[in-house]
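There are two complexes below, and they share chain A, which is joined by chain B in the first and by chain C in the second.
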Partner chain A sequence: MTRIEAIVRPSTFEPVKEALREIGVEGMTVSEVRGHGRQKGHTEVYRGREYSVDFLPKIMIEMILPDNLVEPVVQAILRTAKTGKIGDGKIFISQVQDAIRIRNEERGESAL
Partner chain B sequence: MKASSPIPHPILTGSTLREWYGAELARISGKFDRSGNGSATASARAALLDQVIGKIHGALLSSSPSLDQGLCIAAIGGYGRRALFPQSDVDLLLLCENGAAEKRLRPSFTAISQALWDLPVRVSPATRTLDECGRFNSENAEFTISLLDCRPLAGDLKLFGRLHDQVIPKMVAREQRDLLRMLHQLVRERHAKHGNTIFGLEPNIKDSPGGLRDYAVARSLALVSWMGAQRAWAEPESLWPAELREQCLLAFDFLAAARCFLHYRCQRDDNSMTYESQDEAASRAIGLGDKQPISAADWMRHYFRKARSIDRLTNLLIEESVPEQSSLYATFEGRRTRLSNADFQVAREQIFLANPSALADRAFLLRPFEFMARHGLSLSGEAQRQIEHRVADAAGELTLSADIWTSFRQILLLPGAAPALRAMHACGLLVALLPEFKVIDALVTRDFYHRYTVDEHSFMTVENLHRLRRPGEDWEQKYREILDELEQPELLFFALLLHDVGKGMAGDNHVQGSLQAARQVLARLALPSVQAETVLFLIANHLEMSRTLQRRDIFNPEEIRSFSRRVGAPERLKMLCLFTYADIRSVNPEALTPWKAEMLWQLYAATENHLNRAVDEERFHAAGAGEQQLKAVSAILPGNIAEEEIAAFLEGFPERYLASHSPEEIATHLQMSRRLAQEPFQIEPAHDRDRFTLTLLTRDRPRLLATTVGTLYGWGMSIVKAEAFASTAGIALDTFHFIDLFRTLELNPSERERFRQSLIQTLSGQQSLEAVLAKRSPGSFAATSKIDIPTQIRFDDTCSSLSSVLELVAADRPGLLYQVASLLSELGCNIEVALIDTEGPKAIDVFYLTAQGLKLDPAREEAIEKALLSRIG
Partner chain C sequence: MLVSCALVLLMTGPGLALFYGGLVRKKNVLGTMMQSLALMAIVTVLWALFGYSLAFSPGTSFIGGFRYLFLHHVGAAPNPAYSPAIPQQTFMLFQLMFAIITPALITGAFAERMKFSAMVLFMVLWSIVVYDPLAHMVWGSGGFLNVASGGMFPTLDFAGGTVVHISSGVSALVCALYLGKRLGYPHESVRPHSVVLSFIGACLLWVGWFGFNAGSALAASSLATSAFVATQFGAAAGVLGWMGVEWIRNGKPSALGGISGAVAGLVAITPASGFVGPMSALAIGLIAGLTGYSMVTAVKTKFGYDDSLDAFGVHGMCGTVGALLTGVFATRAVNPVFTNGRGQALAVGLIDGNPHQMLNQLVAVAISWTLSIVGSLVILKVVDAVVGLRISADDEVQGLDLSQHGEEGYNLEG
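== the complex of A and B ==
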């Protein structure tokens, strides 16, 4: 089982979600986050006051998947979340030790 | 003598009673399936338990004849009210004469409880002596309150008589204040647990506000108030206000049916109306007379209407039963009573009408609500009833029109606007004023997101905007500042009230429905077209900002540009931003996260900046996007003015000019331009409330702005807002909004013409500006603000391809604009566009500058900065 964390622009979230649903991913956890990579943001001036736009709003999507879905999911995210500009986001992949469904204590991939 | 255990009777140990009880329960359940009558079902179960307890008592008595000496079995709480729902616990009182009797009867009590548990009946027995019943213990207030519903079942009726006729009335009279206080507290705590609203996605029909528990509380409140004064019993429902009584009795029947349905469905005392339960209740038409299946949304609409009645009754009875408080409160209350005037008496935070016959005057009808909104009070039950009667009598005559718009507008602007609107709706007045609103009464949007019915959502949007003015989170402060800057906030509030009316109309697109309704309303109000257009713009575009947030990259300048074109002008942007804030915030309490609010504000700030910094990039051109605007203006002008002439007039004006003026205003400006040959300086003054407006249309020339603002300053006018544009044809169109500091024009109408002439003379050179300025005393240029606002000067050469943009922020003072404009002229700059604004004590000015038709070079910019800092500090 593999964990995928994808950090994407808020404006690409709906297309990403649709694409994931189309390839059969039903379960995901979504968070509203702020962050930056090398993009770092900038300072804006509004009516004489400076405000920093350094931590930019993003959406984080977390999924735990059977291994065979990992590459299709990565491709779906790349296809829908990429604009080619700085700030498109990142995908992180890691291994998961186990998964347990609380309702019936089922374990392993069948708990996903 | 030691107490002996009673000899077990077959009825208590055999299966006969159990089987009989089970059969009777099944019969009652079957009857509910057929009839759907919850009240009858609850009453039938109570009657069944009466029989069961009678049989058990009879069995015990036969084996222990002295049982009834000093024992009475009574029903209390819901059982006492004969409202015993299928899975509810059975509240029993085992009453004894005294401690000795209690000790003697203990084995019997155990036998009774055991027999009932074996059936099985979930019994909650309370064993008390007479004395114990007469004492009020705030730790166990629920028991005392349950005694108010006591009813004898078996045993020593004389003992029960003493409890009922002496002990309880005496206790209530003595403890009335604490009992009422405890009731209020219990209601407050319970309501707080359920979000203080009747609106829940899956309400608890027993404990939520407006539920069955509140119904029981309403009975208790009425009875305690009555008994405390009269020392006598009464049927609690008969003590309620007549109009609400009928509604609440019907509401009880509906909720009783719903609760029976839930108990039979879940086979436990679970009172949550889950989504699935709502679907099934709707398909079975639970609680509805005609048994026709309806949609879950419609069923929930019935529920919310019923809950609203009970909630209203409970709140009313709570207000009317406020016990006497401490002297500190009495002092505060005295101050509130001093709010009373010739029209309204105020007592205990409630408004009473001093002269109810005044309601016959249409204009007076809104006054109690304005008073309520201004002072944060509520209407007394008496005032509500009087207004309801008046509204019912005058149906059809009360539609909101121009003559009472001023009062209605005033209510919208007051801090208590939302409670006032709710009260108006409860009295039927809001629908009488705005019949279009009726379609969204208690209308449910059935999804996991929308918490409130559509009408309540609309009230919440108004409430959430007014809430911005209270201290809150840091991120709310930014929105509060935008709200404070609005020139006509009533238009925003009015648009919020109407924006979802379309959801109650047929059709997929509720925005179109809301627009149609709004147009009808606005036609009756006969508002100036620019105001009506603003309301319609807000309704038409109320989803655009949140759509942009969701689907567009708000940090992409192209997306900002596109959004700016849609919005057009800063005032509309402010309103749309606040509209979006309020709309999202009022979907459910968690909908507007700080993350989302921050993004919304970023979109607002980026768009506002773009609107101010890209003015001269986006100009009107007749061919292309300008065609629609051309037709709108053309439609208003007399037929002898050709479209070509209109196009030539508009050509090259910034889009901002067209976005911030109505077609009527643009038509007026065109007419002014046609008269330039006769009168080279066209001046159109106007006066609205505390502001004067002056529109100047003339051929563009050097020092035009400096001369105009200098003249205004010389006459003691303080400019709060201005826009200066020029077209390709060389027409300058400058609009100034100013305050008459010395009330010269306000108090001396004849001076208005002299002022106009003075302006013409300085502009034409017939009079020197210095002569006009000489009238102002020296030192007038000093900043008057007590707040230290450092001067900030910022040049931007990237946002416009044609001009250098200068942004100036400084402490506002009369004459500031004259100083800046004249200095810019002295340093060889031409002001292509000027956008002048104030934010409280702060002046925020944007100038688009060229020198010899080109952007400024760095050296000139540096010189300007130095000179400005030197001159204005």
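== the complex of A and C ==
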């Protein structure tokens, strides 16, 4: 089992979600997050005082997948979330030891 | 008149509370709004017990006496010293609204860092020591600066340039300096948490201000209309002044700049509203917008004081500018306040042909500034000694809402 965390632009979230559904991703957790990598923030001015806003709004999608879905998911995200400009986001991939469905205590891939 | 009372109350409650509430960080929104509400209640009670008497009953040139203590002798009968047409209770209520909003304006300077208990004690003392005497001097019959009863320096202050805005704004500066800066200011972000709330608040202030200014004619008269007109033009010019200079200097006209300009224009037109025509009102509003902008950008930055919500920059300075410009633009064509023995109208302001009026206005401004500085400083020392002024650093980080009131403005999981 593999965990994929994808941080994407809020404007690309809908196409990403559609593409993931098409290739058969059944569950995901989504959060509105703020952060930055190389993309610089912007400045806001209130009554003449400038504030630099470093953290920009992004959407983080978390999925735990059976290993055979990982590469199709990565390709789907790359296809739909890429604009080619700084600020498109990142994908992190990591191994998951186990998964447990709380309702019936099923374990492993069948719990996903 | 009763409508005017209600309109001014609209300024303080929803208007000022939302305006200030939106400008603070979200951990302080309730604490800030609560200050306006608490003052509505506290000053009302003080006014009934002795405030109205100290401001408006016959007394010395500087403070009223005790004739209206507990609102004795304040009933349905008009008080001819103020208005032969309306019941004295109505006049008393209308004046109460001014007594409420004035201290509420000060709260903008010490926002986000003063103890609630200290705020209450400060405001009780401030009402007695600064507001009541000043209101008596300018508006009370027999007052030192009163126009109608022939004071020594008859000052033109139609709806509270000296009494309301200079007194609150200058006291606000004293508070900001005495309390010191907020933690982290000016390095950390202290952005307004919701300019939307402030925007709604400022628009309510604009509406309520008509009660303030037009109501000060104390009658449904042509003078009330004239004040209503001047108020609208002053506010509009204030918006354009502030927004315009911001647009030129920053490249973007901001919503916060627009509403700040409206308030600046309204503040400056307040003393002048019953004395000037529409063209003068435009000039006063425009000058106020520019004054407010330079105060909160250049002057505040240069001197480094933390007047958190710009009570001094907007109310203190635009009030001062308004009080002086009233002396410049006041005209007998609008309000013949000075007459000779045969009842002929005499020149009122500088342009009207009465340069001497500038001296009267200057004296009133000087007295307001002095009383506000000295009075506030003494009261701050007393309150600091009795309950302490500032919340602890931990409480300040946590915010007023939780530390002072045990609740939060926005409960996401609620």
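Quick notes on this structure:
We take it that the second predicted complex is superposed on the first by the 105 of 112 C-alpha atoms of A that agree within 3 Å, B and C clash if a C-alpha of one lies under 4 Å from a C-alpha of the other, contacts with A are read in each partner's own complex, and residues count from 1 in each chain.
Simple rule for what comes next: contacts are C-beta pairs under 8 Å (C-beta built on N, C-alpha and C of every residue); 3 or more make two chains touch, one makes a residue touch a chain.
In this text, all values refer to a predicted model and were calculated from it rather than measured experimentally.
Of the two partner chains placed around the shared chain by superposition, neither chain B nor chain C is touched by A:T29. In the superposed pair of complexes, A:Q75 makes contact with neither chain B nor chain C. For chain A, the partner touching the most residues, choosing from chain B and chain C, is B. In the overlay built on the shared chain, the residue A:Y46 is in contact with chain B and with chain C. Shared contact residues of chain A, touching chain B in one structure and chain C in the other: 44-48, 51.
Residues 44-49, 51 of chain A are the ones that touch chain C when the two sit in their complex.
Contact residues on chain B toward chain A in their complex (touch as defined above): 549-556, 593, 595-596, 598-599, 602, 605-606, 608-609, 792, 794, 807, 809, 839, 842, 844.
For chain A in complex with chain B, the touching residues are 9-11, 13-14, 32-34, 44-48, 51, 53, 56-57, 83, 85, 87.
For chain C in complex with chain A, the touching residues are 186, 189, 191-192, 195, 246, 250, 252, 254, 256-257, 260, 293, 296-298, 301, 310.
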